[in-house]
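The structure under discussion is supplied below as structure tokens; questions concerning it will follow.
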């Protein structure tokens, strides 16, 4: 970060109706419910906390080992561990609200109806700025359960959530990259009522343990994340923004620096989430937000909004 | 590589009818036609050279820049540059034959018929140990042209090649990971007459240039390769071997060490190709083959064949 | 827990381990035996993203010098190989202190410290702490072989008794710590067992403690991605105050757990009676 | 071309560059001015896979010491930052010599050497070589600013004349090498121009040479993934002996090309008349 003119940069942005004072969010499952990270940076200073995906019931998650480090990335098979929506509202959301952090609640269901029930349960609950609909977690044992891999079932979930959610509440559908045509999925969830897209979730991967010569993770396969997948994520954001330029995108996948974040904005994201990089550096979201401001300033941009989608201009 | 008992390890393997004295091959497009690498290691000592994909006509490839380094990987958009099948047979294949290297010719066509013409042209040509059918190059401008993303067109290409190729010539169909269900594609190309599978090709990716804020590659998108993608490749090999245990697989994607090669064998590959690692280390194929032998020996295996698919055993 | 940069100020071999000394000007707050540090490895262009966790061996503060943090590191995989091969002067990013430390007895009860290999790293300050409270301290140290023992001299100096075991008999009794522990505990009438080492050892120690009615305080070593409580990779099945088993995080609710609360047999699985356990077939 | 390990034996600043000295016991064969080396960067756990290419500045062999290879490196991105921050004693993996070197005139003709920034790295040995053949050697050195000039004193010593340009006028003439080149060439009656520097400079130099009928030998700098001829990333449009344009590899058929053979305007594209050029719309 050399010779930055200290111009003011307006970092505010929006994901559709959801106004955000700042563009960096946490990625679901990589920041818990915000509380632990508040020791490392002021969590109200970033765009929002996206919670670990919440399910109806408490859930133990998968057996360990749940992770393996991979070149410039990691794979995980957490299996959506959590204490369920009631405990979340009572303890975690209450804390976030009191703390004054903007909160996007990620929800995940075992079936379409459960997604609807989650949305209904959160109706009228204070402190929910929006929902991220996790239709794309690859850790669910039956690959048939990956809603995001099929335009029909992806749309069904989104329609069900729309039906039950607080009217007007911003809904982001979270897409999986493990599909032949991500633009098709994007179209279907937008048509079904999503206000925007969160992309990408992890890529399905596997590591074989060099000692046992068996899959290393308790869940056998896991989700690949981190800088390793960044080019796939940037490509996905670029393709979807090209096809649906009006649809707001929360971009993520391997963001580790302000420069990485800038790639996603240029490709068409309106805001970004930081995931795996938090494990490397618990203050990464705010650091990246500051670096992004400097990157913009050094290029003479005074408003973040001016850079969104700029890679599509000739 | 500590305490290796110097047991003899039988490294021979087979891809269906294609017997190979050694398990490490080069990946198409990462070893030219073998000649340059012969300065760094004896190219007859590895399993085989898989050539850069050959097309009917000379082809300039894409504009530069054609590559960008990415975390633990790279993306490329070469665009299948080459001098066409006639020049290949006359110069490159002739050299390989004279040199005594086993050669698998990778072929790529702009349409189904062209694949057939290539197979026919290679009929009876000496020095062709097998064909790798590149139905999965993501660099072709029109994403509709990626045969490997559709079970129907993938099968069509393979059937056409089978029809025209030297009877009995081993045919490997090279699969793309950029699909919702790689097992479905594997089934379709095997049903269409492929003897085995080569997997995986690169993942479609993009890098935005930090200075221009435009896609960095001349071809905008490119193929992501290298250790970054290894977990995706191992997962794909594992899934396909689970579904089609009798089908031989040539595994690849991010192999950089003997230990990486072992992961692929355990997941179900019968042999492996080394691609991007060659750019890091031009003697990588032989080094990895030697490391693999040591890894097997240190685990008490005396035959490589005994480790193929072992990750699927309980 | 503070995130800070620390400068490597010392790196010397101790048996098969490296004794690393870091110095920082940051105020890292109160560090207790059993706390750990999470260290970023490999530098800015490294392919290794995840932090490595190490028990804090010792911390001291000096005016003008700053805070000194000592770790005992075994070069096992790529990250620890990198860390142990760094030269003095290198800056690393560290988060510390992390986790819940060993709980100290309120009374002057006899305590026994059991450690396997580099598990002895936190035991020397723990022994000092216990002795300063007037507790009797007995020590059982084990390792596969002599060069993998750590802290023998320091612990000899500070303890009331010490027994050493090695798998190969290269020093002390041939065998495992759990072979000699019952006798040590009987002799010393130990009320608390503090243990740090591999899971198998902790399980065996917990069993011995249970059979004598002693309390076991076990520092576990679970594979950790973040070390700070946000990733949920480091869980193990632990019985709560309500008697129910939950998958709890070793990095925030541990690494020290009461031995009778950990479902040792179930580590690496999710017990069917755990809260939110999957129906047959898994999530 | 040989692949070998070399030990860093010297690393000092020269203006904004680092002068790196490597030593190897390998026999790397004959090295000529214009040859380059491809160096692996970042160590075994690095996220950087691709080699970095550098002109070989100088090579010498001494019994007992081995072969010494000198590079002049500008710390630009992550890989060169890593390389230039290494300490003496570090081992790096190198492949050298690579590429086609500068072609030397068979006769004693006056030659002019034109270099931009670290493009001067291969020019000193080239000047020596030309002088030893009895050629007149004139030099034009340019850079954006004084600290980015390399080799001024060495080239002053060895050449018949030297003109320096900087964009900011901090040393020599304010301006670009191509501003002063015509005059230098006229004065010296140069028959061959040797050039190494950014593409824009090479194009300008080639134009000047063409206008005087001199031969231009230009060392290009194309982005390279492998350096050894197997990846096809480093291509540029070059006119062959048959008059047809092909996308040729800078690493094996270059990096030195005749200036009148390179389609400078078309770099970064595939000219429509190139062999195998895509039909409108692209491949």
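Note that the chains take the letters A, B, C and D in the order they are written out, and that residue 1 is the start of every chain.
Convention: contacts are C-beta pairs under 8 Å (C-beta built on N, C-alpha and C of every residue); 3 or more make two chains touch, one makes a residue touch a chain.
As the structure is a computational prediction, the values presented were derived from the model and not from experiment.
Counting C-beta pairs in contact across B-D and across A-D gives the higher total for B-D.
With centres computed as the average of Cα coordinates, no chain lies farther from chain A than D.
Separating the CA-averaged centres of chain C and chain D is a span of 55 Å. With each centre defined as the average position of its C-alpha atoms, the distance from chain B to chain D rounds to 34 Å.
Averaged C-alpha coordinates put the centre of chain B at 46 Å from the centre of chain C.
Chain contacts: chain C has residues 47-48 touching two or more partner chains. Residues of chain B found to touch two or more other chains are 71-73, 226-227. If each chain is drawn as a node and touching chains are joined, the picture has every node linked to every other.
Those residues of chain B whose C-beta lies close enough to touch chain C in the complex are 71-72, 227.
Within the complex, the chain C residues that touch chain A are 1, 3, 40, 47-51, 93, 95, 222-223, 225-226, 228-236, 246-247, 252, 267-270, 274-278, 281-283.
Chain B makes touch with chain D in their complex at residues 29-32, 36-37, 39-40, 52, 57-67, 69, 71-74, 76, 78-84, 139-141, 218-219, 226-227, 276-283. Those residues of chain D whose C-beta lies close enough to touch chain A in the complex are 47.
The part of chain B that touches chain A in the complex is made up of residues 70-73, 75, 149-150, 178-181, 203-208, 210, 213-215, 221-222, 224, 226-232, 234-235, 238, 254, 259, 262-263, 266-267, 295, 299, 307, 310-311, 313.
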